[in-house]
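What follows are several structures.
Common to both upcoming complexes is subunit A, partnered first by subunit B, then by subunit C.
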Partner chain A sequence: MAIKPASGPTPLGASTSATSPSPSTHTLSFPAQTFAKLAPIPFLHAHLTSSTGARRPSGRTPSESRPPNIHTGSLTHTSGSAVVRIGDTAVVCGIRGEILLTKDVADWKHPEISSIPQEENDGTRRKRRKTEADEIARLNLLVPNVELSTGCSPAHLPGSPPSDLAQTLSHRVLTLLHTSQLLEAAELRIWHHPSSSSSSSILKPQITEPLSTSSNPNNPTITTVEGFEGGGTGDTDGALVAKPQIKAYWTLHITLLFLSLDGNPFDAAWCALLAALLDVRLPRAWWDADLENVLCSPLVSESTRFSLNGLPVPLTVGVFSREDEQGIGGETEKKRAKWCLVDMDGFEEGCVRETVCLVVKGEGDSAEIVRIEKGGGGLFGRGEMRELVGAAGRRWREWKALLDGIRGDGSGDTDMG
Partner chain B sequence: MADRRRVNGPAGGTAPPVYAQQAAGFQNTRRSRMRGPNQIRKLFLKTGLTPSASGSAYLEFEPSLGQNGVPGRLSDRPSALKLTCTVHGPRPLPRSAPFTPQLLLSAHIKYAPFASRQRKGYVRDANERDLAVHLESALRGVLIGERWPKSGVDVVITVLEGEEDCLEDEPFASTDSEYSRSKGLGMMSVLSGCITVASAAIVDAGIDCVDFVIGGVAAVARPPLTNKQKAKSRVKSDYAESIWQILMDPSPAEHEDLDAFCVVGYLQSRDEVTELWVKGNTPNKGDSQDQEETVLDVLTDRAVEAAIAARHVVVEAFKESNKFRIQSHSPDQG
Partner chain C sequence: MASSTLSPLSRADGSAQYSFNGYSVLCAVNGPMEAQRRDELPEEAVVDVAIIPATGIAGVTSKHLESIVQKALRQIVLVAAHARSLIQITLQIIATPESDHQPARLHQSFSSIAVLPALLQASILALLSTSIPLCMFTNLTSVAVGANGDVALDPSVEEVDAATSLHVIGFSSQGDLLIAESEGSFNIATWEQVSDIAGTVCWGDLTRDNGLQVSKFWKHELNCESTLRTKISQWYSKSTG
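So, the complex of A and B:
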């Protein structure tokens, strides 16, 4: 491949000049992998300073990311699942919806929910999103865990507690879930309408409600609200109606299993999570007063999907830099060159200290920065950041095209194996 | 309980959804077996999926799509075994480890939390450890361990989707004898899949082996009894006369009346069995001990036949991946 001509002379020259006095460049030749193992940083540097243009050992340019690949809905025992591959990194995400009864929550207070006005302006929507995100965070309704000890790489073998990397990844996913306000608490609440409780064990009057409102499935939030308001007003005649109550919440147990790890775990994990969230179908659930429990409808036609608050997509960049101690020609000026490597693979991650992770929604002028994480050094400046926003926007478009396809192809029963 | 290294859910605990069955107007029915008694399910095997590992393989069984599978339902979707396996090594043991003249094999089997209907924990439980011990004994016989003294190899299997012992709506921990009889079959099929996938991954890693070791399962089944027969068969001696048949590669979702099952790890080229595990009672055709033994023999033979059938898939998968490997390597050498 492109490795040989690019890597041949320069790393050999660099390494032999350190060990042997006579650098005879072409007598000795090792395969490229050997150089990568022995002297990773000079190896990467040689690639990036190659005369044929900066190329990474994988053959990509510094700003080129690996094409992603998504497959959803192949796991049976989940509410939603996805497999995401970026190059040699592969993640399986499985989401299980389970029910948290409010009576099991210590000092639970019923949130004050004013009926949502039909025309919500930006300000009130933002405020509602904020309070709902707080509600989700307070109740721990989202439980993401990243599992690396699946033999995905020799560095993470099972039999030990989760590694530091696994712990930080879980935590980063969790905080991004909360700060991006991706999910609305309204979609996780399970209501009880006391007025219709007498008929709750018979399905018929219940089934008509969602069926009549499911004609506009693009906004399930309003569906829920209409459902309870309609139920309330419909049965008001005569009897005094108790207020609808929240009896339970859906809790999402999210497991992110790495099948293979070759760099950029956070991007892969987050996008797998997004894809799985788009794939989730939660059954219609109601409180059964006789059983004192929540029952769910097994019908797919009655299940709901989440309306996600945009699609925040991360892009991780590493800053590789190396002081040119002595150039090969003998120029002794100390120059610190740097390269921003987008979507690093495992080898590049080992050579890079400074990383930046930018999470954006949208691209171009409408791009919204959700989160910036940066650590490991001070080489990444304002100009690079501006470039990164552009790159992240392009990456967002790439992911969005794939993620939009998840719901595009219908019921999701089509793909097996 | 609270694991500080992981994100824990609500402290009060959560429960899986309970589906309203009667309300929906139909009942869950078992899928019936559509293939013949000597036919195994289709399987899919691919090697080399985890490039960072020395060897890896992925195995998937065809989901049992019987005539009774109900589309449009969330609760009763057909599940199928899905396994990934990675092999790391052979690599030197740490200095602190005592000397071993042979390759030290260690196997890990872990169910993903979403692999079964009940959410599994992140820490291995007793069943998973048990499976790993069986897998180790199945694999130890095929490795030529003398070639790697002082080194170890890790075989790591993740069960992405397991097989269930019972249907979605049946009570999970019921003590009802009617179906507890076929309990444990899910674990047997998982073990058989694990043996096959681990063997494929070991060969993919290039570790010297005597042969592929392939898992196979067979079970003794009784055809569904009519009510009259059912009433009669309460008496134990009558049961002996009821007809039984031996099924290869039974899927737990398809059968309820299974009396005994057997899993083998089989080497075809040597005609050796490295692992044999039988559960349940083999029916007794008469009073003599001899005849009981023959039923067990037939059961084991069928399990071996199932392994031979599965072996074809493994061999084909390897031919394919080797062809691919040769093609991708030849331009580099030339």
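So, the complex of A and C:
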């Protein structure tokens, strides 16, 4: 047990936790927490240069992330919800599906939808995903909102207007939803199949009557097609109501509420969103021509879940260096010692200027990367990026195991009833 | 083809306009001046960035861009030289390539990172025009990678639309990777190739000899450096002549 005194949050003498400050600390001893408050950067540096190996004040190694924890379906009034906890950062995500009628959309044009071929090659799939992502973005079907002013940390007081951090997070979540093409527009469309409506049965009672008696109420799409075919061949009037139409869309209102914030807000928020999306059940919805409105089925067995386009998982890393000061006249020595701190907590975020965020959809060297965001300094170079892809892949596997469990055990239809 | 003007505004401490690849940005710098008591930092200057979009009012997109630009400029400005003061940078986006024909396209497929090179280049020129000491220089470039791996430097709107990934990469004059923003779908090999190209474009053959034809990619015929050279030679000839 070579645990050095530096690990663990217990108040320890600064003389033992720090290796290099002034020799006088042996006589002037004060709690580690005081040291951390007074001189955060030297405090972190002392931990990382400890003689027993680099450890962070939390006791983690630089490349060790905090184990995540997911709980889904705790909010009953939402279509899907999740609580994600990473260390002391806890986020609740609630997703609610609301219906957007196309008649309420200004200059809405019915999209050209070609039927998806059985074997879709890479090129056409990419093109279809892109046009569907554009459709989602244009209609603003995904509305994420990040709420930090819940008193989640001393820096975010309750009742204050959205801080810069909250706005930036909202924007990053929204753009990642769009650019990663996580959802398909096809799953958000609500269709109207004209000939299944009662109005057409008035027009053509002799055709729809036998069909409606024999039809299975749970399976109206089949009667639709048959009724339409009969009308189309028998009479020219049927051609007027030929094509199925999109009458409405599901709009997903995604609320991300930070219960507590101790660093790494983006990773926690995004994974809460992923978990909640996996938890979402949308009821089967159809357009009723008589009521001129969308009706939803109360049957849980008819509700649908989203098939997500991969699992994009983020990993945020901070690059810490003691010599943060800028060299005058560009004379910075190249060999500044630096540490990449994975999944920083709140204290570490206060000491670090340079951050890198990588979002991957798999592991290994050929893993698909969905986003890279790097800023705040020049210590992290081109060469380190490949290492980070490896670390992000390991994190991806960790999250995937947890996220796969959401549908694995929670498949029971009784949850919603 | 880039074009830039130094000090177009007479009432700001320093200003610059930079236009490139359809984007045009006007930047005004005020400072160093007194910071508000609650904002001031004891050991360095506060760099405050405000971005005003070409149309509409500043929203979350502007806030996100502001945070990227602020993080970069904090590295570039010698903040320790002006402790407890404020350097205020206001960026007005004057033109975007979308604004001509498709006003609503801004939020589609890719977010607004393509405007970053113009924003940073304009603010560095304006900082120089204010005579605020800087500790480095930076050049940025945007690269779009198409479905079959074709690379487009400083892509047009059509090229961005057709691309599978979009990258904005900036290197400092010391050769450090200062900014990297990438979106879309790609892998690490693509990114490394893109960052090599970006390094070559930003600072000539600074990174390494990777067999790239520099002239093939060299579209920054008038980058920051050449603007400054012209301006300095003009001033010099004025003062001596």
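In the analysis below, the second predicted complex is superposed on the first by the 332 of 417 C-alpha atoms of A that agree within 3 Å, B and C clash if a C-alpha of one lies under 4 Å from a C-alpha of the other, contacts with A are read in each partner's own complex, and residues count from 1 in each chain.
The rule we apply is simple: a contact is a pair of C-beta atoms (placed from the backbone, for glycine too) under 8 Å apart; a residue touches a chain by one contact, two chains touch by 3 or more.
This is a predicted model, so every value here is computed, not measured.
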Partner chain(s) touched by A:P298 [first = subunit B, second = subunit C, both, neither]: first
Touched partner set for A:G159, first subunit B, second subunit C, both or neither: first
Touching partner for A:T179 - first (subunit B), second (subunit C), both, neither: second
Partner chain(s) touched by A:T168 [first = subunit B, second = subunit C, both, neither]: second
Touching partner for A:V389 - first (subunit B), second (subunit C), both, neither: second
Touched partner set for A:I372, first subunit B, second subunit C, both or neither: second
More subunit A residues in contact [subunit B versus subunit C]: B
On subunit A, positions contacted by subunit B and by subunit C: 167, 170-171, 174
Residues on subunit C engaged by subunit A in the complex (per definition of touch): 60-61, 63-64, 66-68, 71-72, 74-75, 78-80, 104, 107-111, 135-136, 147, 164, 167, 172-174, 176-189, 191-192, 195-196, 199, 207
Interfacial residue positions of subunit A with respect to subunit C in the complex: 123, 126, 130, 133-134, 137-138, 164, 167-168, 170-172, 174-175, 178-180, 325-330, 332, 353, 356, 365-382, 385-386, 389
Touch list for subunit B against partner subunit A, complex: 5-21, 23-25, 44, 49-53, 56, 60, 62-63, 71-80, 82, 84-88, 91, 108, 110, 112-117, 119, 122, 154, 156, 158, 160-161, 332
Residues on subunit A engaged by subunit B in the complex (per definition of touch): 1, 74-78, 81, 88, 90, 92, 94-101, 104-106, 139-141, 143-145, 147, 149-154, 157-159, 161-162, 167, 170-171, 174, 201-203, 251, 253, 255, 257, 259-262, 281, 283, 285, 288, 293-301, 303, 346, 413, 416-417
